[in-house]
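Before I ask anything, here is the structure I am working with.
Here the chain labels run A, B, C and D in written order, and each chain numbers its own residues starting at 1.
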């Protein structure tokens, strides 16, 4: 008690020493290295999959989990053994595992994934993006055919706000004379289609209010309550329709298309790829919104939703 | 409550993952804290640094620790080892002080009596000091158990399986029942563990039981 | 090593410190959330804790409530409150206050219980009223323990206040989540360092307050006699 | 002065601490309630200032039932000294002594003056006024306790084993001074102890109690030693073991030594004329300043 400063300093030194010794031992940013270096990289639930077992992952996003479950059940119907690794956070968590081969199938979104691997990418059309993505992916990974369904960021306003300021396109935001706040996940701040992109493409100033539910109910609530004027909501989100929101058009292609694109490892052979392709081919924008609606409004589990949909499509 | 009934396997799965992560961490925290606490108790010079260091550890936000730790120890973010190490660190942060306090509180008479009786040092530590410090250590361990179980949920933000996934998923889908289930189960797990520790403590330290039926 | 160095550089970049979303503003927000949460929690828990400690009534209930509150996962409370209350400060505050209450409540009654019963008995025998025992004996003698409780509550909240950014509020959590979601390790680690620094500062302030709170007669007792 | 009338105390758990107890404590007397722990003596004492209320029966002070008095006001009129002094650790000696006068509304200056008088009365060096209790020796703390009990000039002083925690040497000194003080101020003192030697040394009147506050014997010290009422009293006094059966023996140097039944020396027989002064009017208190400062390392070292 007599020498608080000295004690704190010692403690700081101890903490720093801990950090330093740890830092020296490995390259922290080598995400692939760290994951491949650890046999337990597949997470807490299981050991290494057998060669004939396909590991299917999903983002920490309910809609992504449904798509993963679609692939999983379709593969199981064809006699494959599937191990599920769902809800594995965001890209920085799961991509190292995908790259290391611990996960074989991962439903992804084309535009954002391309930007993750190549921040300078210039492609804007779905086809160009797909081609660029095939190039950008690390060795051992390949994208399968994209679905028609997209689930991309979109700027939304309430019907009332749109009518008050006669808004249909992002460009119309220039005519709004009040300060604009947009609710979105925090990474939106640095995305090319975020505030800076919006300023560059349309000359509109916005500030971000981070809400980490990926355009979920809280984001929508913030918009409807009038706490924010704009909300970044994924285009496949059923609440756009149920809350009667207006998605602002993006004539400058500021936001890259996010077609649902499975990323697979070499463990996925042509036959297995064909099964996934077949599912993906039936996955239209409307179908995806429908699936999401079942999850959010009927609170159905991904397994039930997938089972019903595959049966309805004659796929299982 | 429909959501609960429809998702029992999922809930069981998450509960299991939660226990599988938090229980080893609690145990590891105890095993690490005893020698550390002893050092802090035995060597005055180490007392300040160890206890303040431990206190500071608790001030590190859990979320970045979950991310930074794999960078430091070379595991994957979702690696069970990563989560356990992080939770263990927090547990140690709380428990070292209890161990040191408990050992400090051992009556010197008891200790010198043991010395006088000719106990060798390690045996004396294990059979006299540690049991007498037991009640204080136990109360620290109870806090650690409850807070570890509660803290374990934070990993869900990174996709680390636990009951916390019910929060993140329910949050995105707007299912209150899912979040509530997660909260209640976490609390129940913590409290059950707490009662269990109390019961274990009574078994292991019969002398701490309140004397029953003694006239006033 | 590199990582830590870059994080330190990130913290020290003067360009990041200014402006409404600069480090200075975010740190102040963070500190503000922490103090507000501790203040509200204290306003709730201290009177209850004192009442429990003074009367000896409801101790079982207080232990149970603070035990249960400790067991409530902050992330769960935060998301639930978020869904119910919308974005802004109310939801995270609710979670932080619940987080802070157990330590403060326990410290408030434990401080009273630590007062030698004989001292209180003697005071009553001298003719102190209940209120005089409370204000002149139990409160001053229980204060060091209470400050200790406020200290650990503040440290818990300061570390957890990063979660405020999860539901649309500010604080240093803004950097943390942004760094997390954009794989910006320097930002993530840097903001963590800032939180730890803030915690250190708070800890120091509370340590000083804790020492000031010990009545002189008790300090002397600890030091032993210097005749 | 203080009268117990068929007092019974039954605690919530069913224990009967006091059963049908009656006693008159004469004004100005020093009455000792003696007995083993658990005999109900402290409970009896605490009924006087309503720290405990009897289940049935009455306790009268100056003929008035205390049950009708406001406990706080009552307590401020009755001094109380307890074992381990019960001093407020965060108040100085002066503040502790001034407690009740200040509670009664005495202004700071007057209270300070009163404190000085009290410290002088109990033989405390004025320099100790600004010390904290933890800086005092056990004996000094007890003196402060007595000073505090007397500061409001009460008619009654209750003392609950006040010297139980100090070493024998200091205890006998404190006992001697208490006798002296009692003679000086004439306050009615009700004194509780389990130590029969202390009872014999202090009491004008001794009441020896057994479990449930059953009176074994009541009388003067002389009556106790000379006419023990029964075997219990005999045992309690140590009469049966010969500890108080004293004989004269002439020592080698010619002086007369008094020994007990086991031949252990109990004292020296004084010739008429050189009796020690222990009369109330014995002037300045010898030994009063013997403890002016704490003496680290001595038996009477502070208990901090």
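Criterion: a contact is a pair of C-beta atoms (placed from the backbone, for glycine too) under 8 Å apart; a residue touches a chain by one contact, two chains touch by 3 or more.
Just so we're clear, the structure is a prediction, and the values are computed from it rather than from any experiment.
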Chain nearest the overall C-alpha centroid of the shown protein atoms: C
Farthest chain relative to chain D (centres taken as mean CA coordinates): A
Between A-C and B-C, the pair joined by more C-beta contacts: B-C
Centroid distance [mean C-alpha coordinates] between chain C and chain B, Å: 20
Interchain centroid distance [CA atoms averaged], chain A/chain C, Å: 36
Euclidean distance of C-alpha centroids - chain C vs chain D, Å: 48
Separation of mean Cα positions, chain D and chain B [Å, integer]: 52
Multi-partner residues of chain D (at least 2 other chains): none
Contacts with two or more other chains, residues of chain C listed in rising order: 3, 82-83, 166, 180, 185, 196, 200, 203
Shared interface positions of chain A, touching two or more other chains: 8, 12, 15, 19, 23, 28-29, 90, 92, 212-213, 217-218
Chain A-touching residues of chain C, taken from the complex the two chains share: 1-4, 82-83, 86-88, 165-168, 174, 177-178, 180-185, 196, 200, 203-204, 207-208, 211
Chain C to chain D touching residues, read off their complex: 116, 118-119, 121-129, 132, 136-137, 140-141, 215-218, 220-222, 224-227
Touching residues (chain side chain B, partner chain A) in the complex: 2-3, 6-7, 10, 17, 20-21, 48-49, 52-53, 55-57, 70-81, 83, 156-161, 165, 168-169, 171-175, 177-178
Complex contacts: residues of chain A adjacent to chain C: 1, 4, 8, 12, 15-16, 19-20, 23-24, 28-29, 90-92, 183, 185-187, 189-190, 209-213, 217-218, 221-222, 225, 227-228
Chain D to chain C touching residues, read off their complex: 46, 49, 51, 72-77, 80, 82-92, 99-100, 103, 132-135, 148, 158, 293-294, 296, 302, 304
